[in-house]
Each structure stands twice: as structure tokens, then as C-alpha cells.
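Each chain gets a letter, A, B, C and D, in the order it is written, and its residues are counted from 1.
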Amino acid sequence: MRIGVLTAGGDCPGLNAVIRSVVHRAVVGHGDEVIGFEDGFKGLLERRYRKLDLDAVSGILSRGGTILGSARLERGRLDEACDHAEELCGELGLDALLPIGGEGTLTAARMLSDAGMPVVGVPKTIDNDISATDRTFGFDTAVGVATEALDRLKTTAESHQRIMVVEVMGRHAGWIALESGMAGGAHGICLPERPFQLDKLCEMIEERFSRGKKFAVVCVAEGAHPAEGSMPYEKGRIDQYGHERFTGIGNRLAAELERRIGKEARPVILGHVQRGGTPTAFDRVLATRFGWHAVEAAHRREFGMMTALRGNDIRLVPLAEAVSELKTVPEHRMREAESVY
Amino acid sequence: MRIGVLTAGGDCPGLNAVIRSVVHRAVVGHGDEVIGFEDGFKGLLERRYRKLDLDAVSGILSRGGTILGSARLERGRLDEACDHAEELCGELGLDALLPIGGEGTLTAARMLSDAGMPVVGVPKTIDNDISATDRTFGFDTAVGVATEALDRLKTTAESHQRIMVVEVMGRHAGWIALESGMAGGAHGICLPERPFQLDKLCEMIEERFSRGKKFAVVCVAEGAHPAEGSMPYEKGRIDQYGHERFTGIGNRLAAELERRIGKEARPVILGHVQRGGTPTAFDRVLATRFGWHAVEAAHRREFGMMTALRGNDIRLVPLAEAVSELKTVPEHRMREAESVY
Amino acid sequence: MRIGVLTAGGDCPGLNAVIRSVVHRAVVGHGDEVIGFEDGFKGLLERRYRKLDLDAVSGILSRGGTILGSARLERGRLDEACDHAEELCGELGLDALLPIGGEGTLTAARMLSDAGMPVVGVPKTIDNDISATDRTFGFDTAVGVATEALDRLKTTAESHQRIMVVEVMGRHAGWIALESGMAGGAHGICLPERPFQLDKLCEMIEERFSRGKKFAVVCVAEGAHPAEGSMPYEKGRIDQYGHERFTGIGNRLAAELERRIGKEARPVILGHVQRGGTPTAFDRVLATRFGWHAVEAAHRREFGMMTALRGNDIRLVPLAEAVSELKTVPEHRMREAESVY
Amino acid sequence: MRIGVLTAGGDCPGLNAVIRSVVHRAVVGHGDEVIGFEDGFKGLLERRYRKLDLDAVSGILSRGGTILGSARLERGRLDEACDHAEELCGELGLDALLPIGGEGTLTAARMLSDAGMPVVGVPKTIDNDISATDRTFGFDTAVGVATEALDRLKTTAESHQRIMVVEVMGRHAGWIALESGMAGGAHGICLPERPFQLDKLCEMIEERFSRGKKFAVVCVAEGAHPAEGSMPYEKGRIDQYGHERFTGIGNRLAAELERRIGKEARPVILGHVQRGGTPTAFDRVLATRFGWHAVEAAHRREFGMMTALRGNDIRLVPLAEAVSELKTVPEHRMREAESVY
């Protein structure tokens, strides 16, 4: 079999682990040939690829990023690819294509699949917001990085009687804020899923100080926003999902808390460090398993599917199902994080 | 409500996170009183306990070990506790007891529950071998420590053309070896669940060297053992599960590989570092959720149950089910780790 | 002997290690009594202190921040303290005061010493800019945090063909930028000590891309600024040292590089994570030694002095010398970092 | 100029950073050509080398081990090399040779230098025992790994009321034990430099327990040994330095402490994890500077010298001086670690 693999969308720790696993399983387990397309679907369309043998993936398991590169593809070019899907496969001798990516990539994968390309998708998102799988790799690493930052900030906040506002990734889904906030013991957690009440946040922090505590830490997703009227602000723009979006909620929230509570408040915007670097063991295992099962699915000719974690098992689920809706933080998960003082 | 909490059995990262979460949820969420028994069931029997308020659990979320201490209890004294279960609760004014522990502890919890004590168990095992829950906290931390060690050892092994044999925890279940072996890219993984073929292991390593690779790493669970006749050894003793047990499989395997393959082989026995120290974010979140749900279960008077992770949700399962059988690594999980060269 | 200890100025990892070491050496080694003043010199003036025995410092060696708190003191109140220095010592029964702090604190310490107070200072600055000592604790931890961030960012930068601009601490001295830049393999390093030439920076980055490299990382100290005319900017304010200061050089530099080079450039502002959290082993050892030697100096009645690292040894140097000039990055150290492509 | 570089002796984190720095400085700074010999001096004698350009050293700064490999050389072959030193250089067109290694390597380097080879040595030892330099790279990483292990072990020891005995590297010099012991807050530290008194160690630990403390941690160098008569033992063998040597002091000490004190004691032998993996920022900076200065020395034709850290500066010192005596832990450094309870 000749298997193509590519990585598309924002990078996230574990991509290389999938690539390596695909090569190991395909080459060693089945005697396949594997080629890797450069810079996502672009490389597919432009026939930019290289052969991936065991040596090509040696030492990459623990490396962040993607050895294949990643890039966005305009919609027009995707349509073009769909129009020539079978032709493309014929020309390249591709028996299966394994695109690794997030919602956009999996939607593209589904279109290519519908157009006749033999596709098995591998889900990837740092935000953990794909509904068909319990977890995606990269998320655990991001949560780990954010949690370590919260741990560090607590000690300095305490020494100076400060409020720390930590802005983490998560535009539409607040999983990173929820889990790093819980793991790092944040006293307030603000998610995109539910507008936060600034008054309540202030009240809780003031109560902490009144109990003799010397600091407070708030973990806020970049996509979080205050409830209407709860925080004076210039009206933000409306994004494609109909959510109001701000740039810099972390900075603005810190300024507002300082003003209201009268204690120093400092924002920390974690940014890209959350998506780089060595993946955690959890992410490496999940990525490796996804790669292994994607190859097996290709050999069973289960196309139009995507690997997914369900409990402890890896399952194949239809791509259509995978991209039908965003997995956001449900109400009952928010409640679990509420009693943390 | 007056809730008692105790930690029993071997310690593991996340115990303090459970204790903290129980206190937060009970005190802040319900206005309960929480007491912590010292040194496991011993403290219960000997009425050694202290009140746990918010201050008592401040700062312990990220700390390994258990602030309550832990100790083994002889069977005789447990029977004694069962005989006086209701009396004991009455005397202490206990409305619920939340024991946090592994298989032994949960079995004791079940006995106390059968004897009339209002018990909600919280499972804990570094080995991840409790069948009723997808994961237990502590396991992710242990796998992380072992994976970091494997990462470190690879570079030194490569520089000196050596074979490294890393012995990790796992007497009866090989989950730590499996996952750290996969995450750390071990070339051979030996689990207690299936006697390993020394010949096959040697063959695989020799093939690696013949391909120009300069090192090999083997990850072996402390409870792993060679297939009958595959490795000359003095007969080991038979343990309570009918498995043959050795002390020091890591040392013995390294010696044997060196002898057969003719390359330097070095054993590293990770030991107790796997169970100490700061828990990972994953373990802190799981432990926190377990604590939260145990308190909720107590308030709903769902006794005789245990918290469990199923997919992304926390469920209550009967203690009886929880301890019925050991969760070992199934054949299909081993296969996923086999194509790693 | 009755020894007082206090921490003043910005916090930094290792403060608790000094406090612990002072208590251990004084109490165990000499049978002294130790008291800790809260919130720096404020606590001294306001007689807010507590006894520090072995239990009080148990477990703090690896904790960031300071258990004593830290706060700024207005100049007026310091003068007041100086006016009543001997009186204050008499009233409190103080035989020695060990203030731990940076340039401001040590200057205050010197004034108190001149006014008759028996003072032994312990230098502390995350910025490593005190000239009388080879290193200060906290600095190694900050460099470690920044280096880990650079490591992480490289993988994500490479996957997306980006330029990353990492802003680290350092208003007047660029040690953190220099050492984390070298350790993290930054391709450009901008320090406060020497205005950077934007043209040269662009040229170097463009040359990298032209050699087929897929990313570049620039490490910039918060106090760095472009050479006159090299980067269009609104004139910054002039600070007390006569340096022109900007807020947000990281953000501005990223925007400028993107504009000129035509590749995506992203800023990451590390901020307070650099000064919080567990100190590195190096910082714990240095802090512990400083504490030990400060107590010995007090017993030898070597007052008006400060502990300092010289090579591998701890020496006592006059406070006057310690605060005479800022230790900035010399030209020959910058040159060592220049050949890094 | 044509510069050769090689790594010899046991590997240690930072070797790759030196190699990279040599290449960067020589190629970019001077337009030199650099070749790397494989497996230490063996590669030199066997003419096994490869060209090292910028691409060859890309991405290795943070990687442990050595891309050039390392191996021991028999004395006979070294003499052979010395006999043909000038010839060898002529044949290979070598203008300078930069061997990176420990005491043995530097002694060989000196012999080659005496024989007419243009040599600049770079010192390397995880044990930090080369007297001519304040520090060697690799040591800080090893201390970091050992300290993290001590941190982890304390929590588990405390939960179970145990004594932990951690054996770290250091056959003849106890620097790793001293600094990781101090940084990790070990209650007893045993070094090769001074036979330890078992009675005193027991007394100290018992006093701790009597003060209500629940655990103790002892950090012991692999080369430490008990004072004559203080611990019953089979007579060890005498090594080349006239020291009595044991295998497994960690195991034996744990057994003995358990027997005497009557508390569970567990040994942990850290082993090779101490010398593998990503170097700390400190080690990367030191290694990078050593590489830079070695190239500069070669261009100034300062041969027969070795790079050394003195305070904050890199100096060149004669190889003869460097290897004249082992740098062991002096009495005054041991005293600094004594008041830790």
C-alpha cells in the first residue's frame, strides 16, 4: 500500500508522534510505503512530498511541531482538489491519505472523501473541542504548560498580595482554561461558554482577601467575555459563530479587577508557549495510538472515518459526525470547578 | 453533615488534591464539617483525627504524598472495625466516610459498607489496575516520570552504543511499562501480563544494531518475567496470584542482554521516584473531580459506591464491582506497541 | 543571639531557601533565636514579626515567593527608621538584622548600618545586576523558565515558518536575555546595554530564511531599545537612569519584523512566570549558602557587609561596594552570543 | 583554518552544545572548516570523521549525549597517536584539535600536545572534579535531576514514615551529592571525601523522628564509605586512588539504617538518568562559551591550553595545570551543609 500523510492547521504537540507511528506501523507492520506531503493540503496539490522511512522519523517522538510543516489552504484550492480527487490519487499512486488536523482539516478531509479520495482522518486540536473524541492530543500538553505557569504565579502573587490574571488559549471552547484552572487552583475561571459576571468575580476575590488570604489567581480563556453590562467596554466585533470577541480579555480584566478591588492585578498572556515543545506522555501515547489505528483502518479500507478516543479504546467514527458540532464545556463541568477557593 | 476522609495503602500523587477537593466542596458548597483520620483506617479505629477546614488544605493541591499519612491495617483490626461500624460512626458523629485507596482499601471499604457504615470510596492506584474506572490518578504522573527517564537515557545510550533496561513499577499490571514505553519510544516492552520471549527481544535489538542504530532501550515492568525456558534462571517464588515473581528483573535482564548481544547493557531501576512529587495536571483534575463527586454522592446518600472515570464523565459504581477483578493490559493494547522500532 | 530577617523588593525564587538556611544555621548551629519581619522594612518599623523556629521553615526550601511577604517602603519612613535605628534594635532585642533584597533594599540596609544597626545584607535580584557578586539567586530560575519557553516556541515557529519575539525581564541589565537567548538558541538577542540595529536584525533573519531555515527566534529584554533612527517609533519617556524606556518592545518589534520581512511574527511576553515557582538547584544552593554565611558573619560581628559569590566561594563584601554600580552585560559577553545562527 | 573536534569519555549534557558552538564560531565567525571525529580519539586514529557545517549542528543545542559518539581508547593506541601526532595533523590537514572530555581525555590531550599536536582542550565531567575550572557543564544538569528526585521522594517518604537513601553519582568527588543534597534538603549527606560515621547519621535521624518529623532523606555519593568500624561490612576492594570502594553503598546503607532505627528505609539508585537528557540553561551557556573560546584560542594559537570558568569569565589555562589534581569537596563546603535538619 502507498499511504500519504499530512499535517494541517495550527501545530500542536503530538503531530510528529502520529507521523512516526504511521510510518512504523505501515512500514514495519505491513511493508507499506509512506510519503509525507509538505505544508498540509498545499503539498498535496503541489505534489511536494517526500518518502518517509524509519530513519526519517527517528527521534521525532518527543519533538513538538511537525516535520512536514503546516499551512492554511484557501477554500478555492480545496474545491479544486475535490474536483480532481481520484485523478490526484491515481497520479500519486495513493491508496490512502491520512490528514492530521483540526476542525477545518477534517471538514476538508470529509469533502475529499466525498469526492472519492480514500481518507482516514486523525483529529488534532490543542483546544480539545472535537465532539467525536473524548480527548485530542496536544491538549494535555497545553494544560500542563498553563498549570505550571499558574503554579509559578501563585508564589509570586502571594508574596506581593496581588491578583494574577492568566489568559490561556481557547477561543470558542474553554477546556484549557477549565482544566488548567482546576489543576492550578485558580480562584476564578472564565470560559467562552458562559459570560462571566464581573461582580461575582470581584466578590469572591474580596471575600478571599477578607479571609486573610494574600492573593488570588484568575484563569481566563482568550475567548471569554463578561456578561452584558457587567464590565464597561467598547463593543467587540461579532465572529463567525455569533460570539462577541475581544482582543486581550486578560489585559482588560486585570485592569478592571485592579480598579475595582484596589489591589495590584497583573495580566500574564501565555500565548504560543502552550502549543510548542515536547508533548506529555499522555499526548504521545494518544498520538501514537491514533497513528497505528489510522493505518489499520486504511488496510481495512474503512475510509471516510476518523480515529477517536472513547474511554480507553480507539474507535473509528465517520468524519461527518466528527465535525458536526464543537465540543464545548458543559454546565456540569463548570460546576465542578466552582467550589475552589 | 460530618464527613470523614482518610488515605490508605501506598501513596500516590493526587491524594492531597482529593482531600482538598472534598474539603472545598463539603465546606464551601454544603456547609459540612470535614475531619481527616490519620494513617488510614488505623486513625479511624484509634480515633486519631483532625478537623480539616479551608486553611488546613491550603496549598496542598500540587503537593505529592498525603497530609493525612497512610498505613497498612492488619486484617484482624479491620474485622474489629466491621463489628463496630455503626457504633464507630455514632461515636464520631460521622455521616459519611470517604476512604481513598487502592484495591485493598476499597475491599475494606466494601466490608465496612456491608457492615453498615455510610461509605463512598475513591479509587487510587499508581498502577491503574482498577477495572471499574478508565483511569486512576497518580498513574499519569508515574508514566510522566518514567517517560522523562526514558527520554534522558536514550541520549546517553546512543552516545555509548548501549542497551538500557529501565525497570518501572507494575507487579501485576503493566500499564506503566506499556504507556511509558510507548511514550518514551522503548524498543522492547515487557509486561507482567505475558511472559516475554528473550530470543525475540534479542533478535529485535540485534536487528536494530544491524540497521546502523546505535542503541536500544527496553522498558520492563517489575512484575514481568521471561517465558518458561527462554531465560536461564533460578526458579522464582510463587505469589498470591499464582504468578512467578522475581526480584530485580531489570538487573537480570540487562545482564542477560549484555551476555547474549555483546553490547554494554545497563539497568536503571526507577523505584520510588515514580510515586512521589507534584502530580501532573491530568491527575490533579481527576483527583479534584473524584473528591467533588464523592461529596455529592454522600449528600445523595449513595453509599457503598465508588467514584469512577468513564470517558469524560465521573460516575458512581458499586464498590463490589470495583474490586471484582484486576484491570490488566489486554492483548490488543500490547499489539499497538509492537511496531515500534 | 537574636537575629531578625526580612525580605524586601520584588520576590524571586530562593528567598525562602535563605530564610530556612538562616533559621537552621542560627537555631541548630548556634542556639540563636530568629524572628522574621513581615512585608519587608514595613514589618520592622511596625513591629510586625513572628518567631521562626525549625517548624516554621519546614518544607519551604523548594517553594517560590517568600513566607514573610515583601513590600515597598517609602523613603520617608526609611529615614525615620534610620533616625531610630539603635533604639529599634534595643526595643526588639535585635543583635543582628539580615535584610534580603535587591539594590534598593541593600541601599536601605547600608543607611541603617551607617545609622548604627548591626546589618548583614543578602543580595537578591532576578536580574543578576549586582556588581559585587558573581551571581544572585533567582536569576538561574528565571533563565531556566525563559529557556524552556524558547525551546517550546522553536518547534511551533518552525512548523509555521514564523518569527517569534520573546520578551524577557531585564529593564537595565540584559543578563536574562543574554543567557536565555544563548541557552535557547535565539538568533537575535537585544539587550538594554546596547541599542539594537533593526536593519542588522532583519538582515540576519532574512539570511536565515534564504538558507532554507524555516523560522527565527529573537530574545529581547524588556528594557532593550532600537538604535536612534533604526525603527520608527514615538519617542519614549526618559527614566531615572537616563535611558529611554518603552512599554512593550516585544510587541512592537514583532510588528515591525513582520512588516519588514513579510513573514508572520508573533510576540510572547513571558512576564511574571519568570519570577515565580520552584527555584532551580543552583539557586537553592546559592541561597542556602548565603543564609549560612550571613549568620556566621553576624556571629563574627562583621556588620555593614553583604554576602557575595566569588568563583566557588562565599565572601563578605562591604554594602557600600555592593550598591555602587549596576552590573550590566559587558561588550565581550555580547560578542560570545553573536555567532549563533 | 581546519579544526577537528571530538568527544571522549563518559557522555554528559552539554557536549552537543560545545560542538554546535565550535561550528558556529569557526564557520560563521572565521570561515573555518570543521570536522568531527567519531567515537573520540578512536575516530582520530582511524580517520573516521565527517564535515560539520551549520546544518549538521542544527537543533542539537538542547539535546543530551553527543552526535559524534564517544568511546574509550586503550593506552597503547594513544601512545601510537603521540608517536605520529604531527604526521596525523599533516595528513588530515588539521590546524587545531579540540578534544572535549574529562580527566583522562585531557591527560591524553596534554600528551598529544607535548607530542606537537595543536590542541585546545574543553573540560567535561558530570562530577565537577576538574580543579582548574570553577564548574564543568553537565554537572548542573546532574544536580538538577538528583534534586528533582529528592523533591519527589520527600513526599512519599513523609506519607509512609520512611527513610529514603538516594545514591547519586560521584566516585571520588562528592559534588553532586553535596549540591543535590543541599538543594533537595537531605538530612544527611555522605561524600567520598570523608568516611561517614554511621552512629552520627542514625542519631541525627532518630532525633528528627523524636521531634515529630515523619521521614528522613539521606543523599549518598556512590563513592561514599563508612568510617572504619562504623558499619559492619565485608572489606571492599582498593581502587587505583587507594580508596576503598563498594558496590551499592545506597542499598547497604538503607538496609543498615532500617536495621538500626527500626523504620522502613528504601534505597533509590539514580544511575544513568543523571547524565542523560536536555542540559539545563546553565550548562548550555557554559558549554557554548567553552566552544566559542576554544575556537578563539585556536586562532590565537594558544595551544596546550584548556578553557576554564573563573568567576564569570572564561580563561585559558595550561592543560598541565588542569589535570594535576582532582577537585574534591573541601571541609568548609561540607560544614555549610551540616545544619540542615
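Quick note on the criterion: a residue touches a chain if its C-beta (ideal position, glycine included) is under 8 Å from a C-beta of that chain, and two chains touch if they have at least 3 such contacts.
Predicted model only: the values in this text are computed from it and were never measured.
**Q** Both subunit B and subunit D are touched by which chains?
**A** Where subunit B and subunit D might share a partner, there is none at all.
**Q** Please identify which chain has its centre, taken as the mean of its CA atoms, farthest from the centre of subunit C.
**A** B
**Q** Based only on mean CA positions, could you tell me how far subunit B sits from subunit C in angstrom?
**A** Going by mean C-alpha positions, subunit B sits 41 Å from subunit C.
**Q** Using mean C-alpha positions as chain centres, tell me how far subunit A is from subunit C in Å, no decimals.
**A** Whole-Å distance between the two chain centres: 35.
**Q** Compute the distance, rounded to whole Å, between the mean C-alpha positions of subunit C and subunit D.
**A** Inter-chain centre distance comes to 29 Å.
**Q** Where does subunit A touch two or more other chains at once, residue-wise?
**A** Only 151, 278 qualify.
**Q** Please list, in label order, each pair of chains that touches.
**A** According to the stated criterion, the contacting chain pairs are A-B, A-C, B-D, C-D.
**Q** What residues on subunit B touch subunit D, complex-wise?
**A** My answer: residues 7, 10-11, 13, 15, 63-66, 69-71, 145, 148-149, 151-161, 164, 214, 266-269, 271-273, 275-278.
**Q** Quick check: in the complex, which residue numbers of subunit B touch subunit A?
**A** 21, 24-25, 28-29, 54, 61-62, 134-135, 140, 143-144, 146-147, 151, 179-180, 182-185, 211, 278, 280-282, 284-285, 288-289, 292-293, 310-312, 336, 338-341
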